[in-house]
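One structure is given below, represented as structure tokens, and several questions about it will come after.
Going by the order they are written in, the chains are A, B, C and D; count residues from 1 in each one.
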């Protein structure tokens, strides 16, 4: 497990943020050992065989909040073993405190994780200094572990100003960011002096790659577990377009995936999405038929019928598109 | 430790929410065993000797977020031992998940705590159903433990509508609420059919007691650790006023405590307070000179100079008022 | 029309905030002269005959936003003529700028209005200094006109801190406030040194009067146009209770009105209410059958069926309660 | 003044949003005729001679809120006369109501304006339907006037979802949008079926043009009144880059302007900017030395010293950059 510490250049291509597969009954308030370790191993292996470039886990949709520490360790162990070092694997170690995050980050590194997808402690909304100090404290205590800043303004109640990126870019372990939107992407690339790879979601990768073709070379996707070929194909079409200047096929793929994703956005927009985030993602994944994510753990077990149906349609649509990519009919 | 389960009538008088005393160096990211157990025991005993009616702990200012589980257990053990059953003791067991909260709630009950001051899991903003189910799940799993709903809209991103109180009032273990403001107090008392004792902060107790003299008979205070006589006196003056109809002395005490508290409110109002909450409370407690709360744990270690000074003035002013109460000069 | 300038002591009892009656077709984007002046005069007279103590107008529900300046003047003229100086009449003169508000305030004073119910310019969220300067500028330019601070944090994007009340209390013309909630009522009464009469909504009057029986002697009501006897009776029962100490009848009235009001609060709470405020109030008034408020003017013409039904039930329920008060069965 | 109605293809290149020049004393609450009409004419002519492609006015920084209707008409008359039809001129007609906006829009059309930069009525936060109906009502009543949707989520409390753009795109008069950010630009271009030209601010034009080189061919700038050559040069360098594929010079210009703009962003971010928006923009313009914007009108007259200095530095820096462009040293 003595892998090298990752650097900026290791972050490229299509990264998948995977759910933590749950066994039947995982939504019981007294359940234990809820992780489906077989499905974990199968999914990790299948993602890598499908050609994805990296895997992240244990964020919001990975149920970092609601898994026990024992379960997280079992999950990471199974995933790392299945990955066999073929692609980087990041395990989220977000907790409510600096000290607990350090402890968990050290432990997942020992289990073989390459990095952590790390959000801020969320009890109180942090200041700029608290936020930067947090990442620096973790980096100092875990020098060999790569850090992906999990930048979710809504969940962590922090707005990630340019000054934040300028300061965390000085921390060598901070090499990438799970990023939302591209509204401030160029600002933040400038602020970080290109020391941080900002990964937009697959829907935004087309725009990011056009704006910054040389630097924006990686993205994340949650929907990919409904069929990873959609994102590996997006990665490859964008790469071709960079050379040829013809972006039509990349745009077609991007728009198709965006249309599929729009199906699972609730009518109330992002504020409503934030409430049902976990359930929506798991319902989409299950409907995709490519992996079995199982039920959402408590207290995030509620999903109103209308939202459930949207998520299911979204997963099915994604699966259809992935099939079209697989059988060569998508661009036909 | 086989104490009876508390009921509504056990919640009366002046309740103190105490900080978790921290040893020197507790603000180090690698610190361990940071709880000052001697100061814990001393503070609990002194509060009870001063005549407070109950103690709550391990909320926001009690650093529930940033203490390790081992530290929390050590703290609860020391506090319970010092209390010797003389007053009820609540230990906060807020975590990011239903299952972990159940585990912690069972454990603190075994350690002798009477109840939990319990906030909602905060990663995603909960819906009404998620919130009610959470309290019901915990109550079902911990039938002997009293629950104080820790109602902080800002921290837990939930607005506690009347329907929430109507539904949690059906759960027998939910007997009180740590409540903020009195703007919806009568609405919520009605909604809960008087099955829940809503504890306003000491600043709001005067108003609450006048509005609902028969039912609003308890309150909480964080400032009380700068000198508990201010709140025991407030309790007693309000009790007298209920009988005599002369509320002047109660009002004078209430206004004096409010003026002292106003000194530690930052210029940016509650939004800014929420960022520096822990540090402000600990600085105030330390400046009061009545207990040693020690430093704030990471990541909440930052406190700008202006805010620190405000907190210190607030603690000193509170201590002066408590001294005036003690020596009988306050009403002179 | 040379009435004296009002002072604090003129603000007492039950104040009604009335809609601006609209003629059929007033919701047409090209409509002109949309005010039903006959219904205006009839309503004002009937309110006064029913015993209300003051009338406010041209706030949010009075469609200050969507009436033309010509229409506002016609409305104020008709209302003042109907009132014949029997009770004070306030006309809202909120606009987007200090200068236009001064012009309108001078004009409505010439038309005979005693005061203005005045909100802040709302294009940009104001600072404390901008807010205080605004009220001071208007007062300086209109020295004979009483000012009721229209304190709506949501509409005017200002949070009305204690410092605001302390500063506007120094302006002689600022004698009262249309106030929401009672969470900070005692704080603000203290801050203003009792120079401003804070009028809570009828639902909060019971609580306010108990907290501050000597000073909280006035309130506002929008629902009163579904049957004013509910609020005159509330005023009288509270007055009796102040003397006897028996608050049961006042509480019963207050709770009944609050239950009727709750029927028109949308499921989404205050945020949703704010969107449909005008339409909800007009639908409630129309369903009450006591006055004809007519349709809501554009762009606030939309009211989803579910919300319309709630508003109608609320108005009908209020009308039933008012009838019970009138015929003496309410307390039977 | 019988100009043709503009269409999508008329919206291209560098558009300037200009302040409304204020005479000395315009910040007095009793001031009248505050518009400096000579400076208005001089500025409009100078912008056109400098090569800008269109002019917008009477938005937030143009003090739509705080100018009287007489002043607005005088301003529009002077501006139209100075423009002599050489470039399109849009006059903001945002008010608090549909009917008043229709009246103003008709009037500015008669005065010769080509279009309106139009925000939503802002007293209540509008729903999707209210917002779409508003633009449709105005368009129906003013069929020859082009509409630029003034999309400012903070000021107008509306989040402009994809469904909004899909629906207003069906209104022929809606041909462009004053747009903030590029985070949802591709989504909204898709939703509107390319019937609406979205104008990002100059800082975002580089990114927008790279993402959508064929369609994103126009942008707006407020800073341009510190030296318009910076934006005409940006327009030209982007146009060249589209052909050559070499975007280095465009990026250098864009980054330099963004760095100058960053100087006038307050430490509190956009929330603080929104409070001081008018004063900041006018201070920047005045410091640029290219035009005389005069003082900010009430109630937006306050600008703390630190923010004033930032705005002045920003204006001076912009002016230096514009000088470097003029004298050919910028790319040297």
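One rule holds for everything that comes next: contacts are C-beta pairs under 8 Å (C-beta built on N, C-alpha and C of every residue); 3 or more make two chains touch, one makes a residue touch a chain.
Keep in mind it's a predicted model, so treat the numbers as computed, not measured.
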Each chain counted as touching chain B and chain C at once: none
Copies chain C and chain D touch via same or different residues, half shared test: same
Cα-centroid distance, chain A relative to chain B, in whole angstrom: 38
Cα-centroid distance, chain A relative to chain C, in whole angstrom: 51
Where chain B touches two or more other chains at once, by residue number: none
Category of the chain touch graph - line, ring, star, complete, other: ring
Contact footprint of chain C on chain D as seen in their complex: 29-31, 60, 64-68, 95-100, 102-103, 120-127, 129-131, 133-134, 137-138, 140-141, 155, 271, 274-278, 297-302
Chain D residues touching chain A - in the complex, by the definition given at the top: 159, 161-162, 181-187, 190, 206-207, 210-211, 245, 255, 258, 262, 269
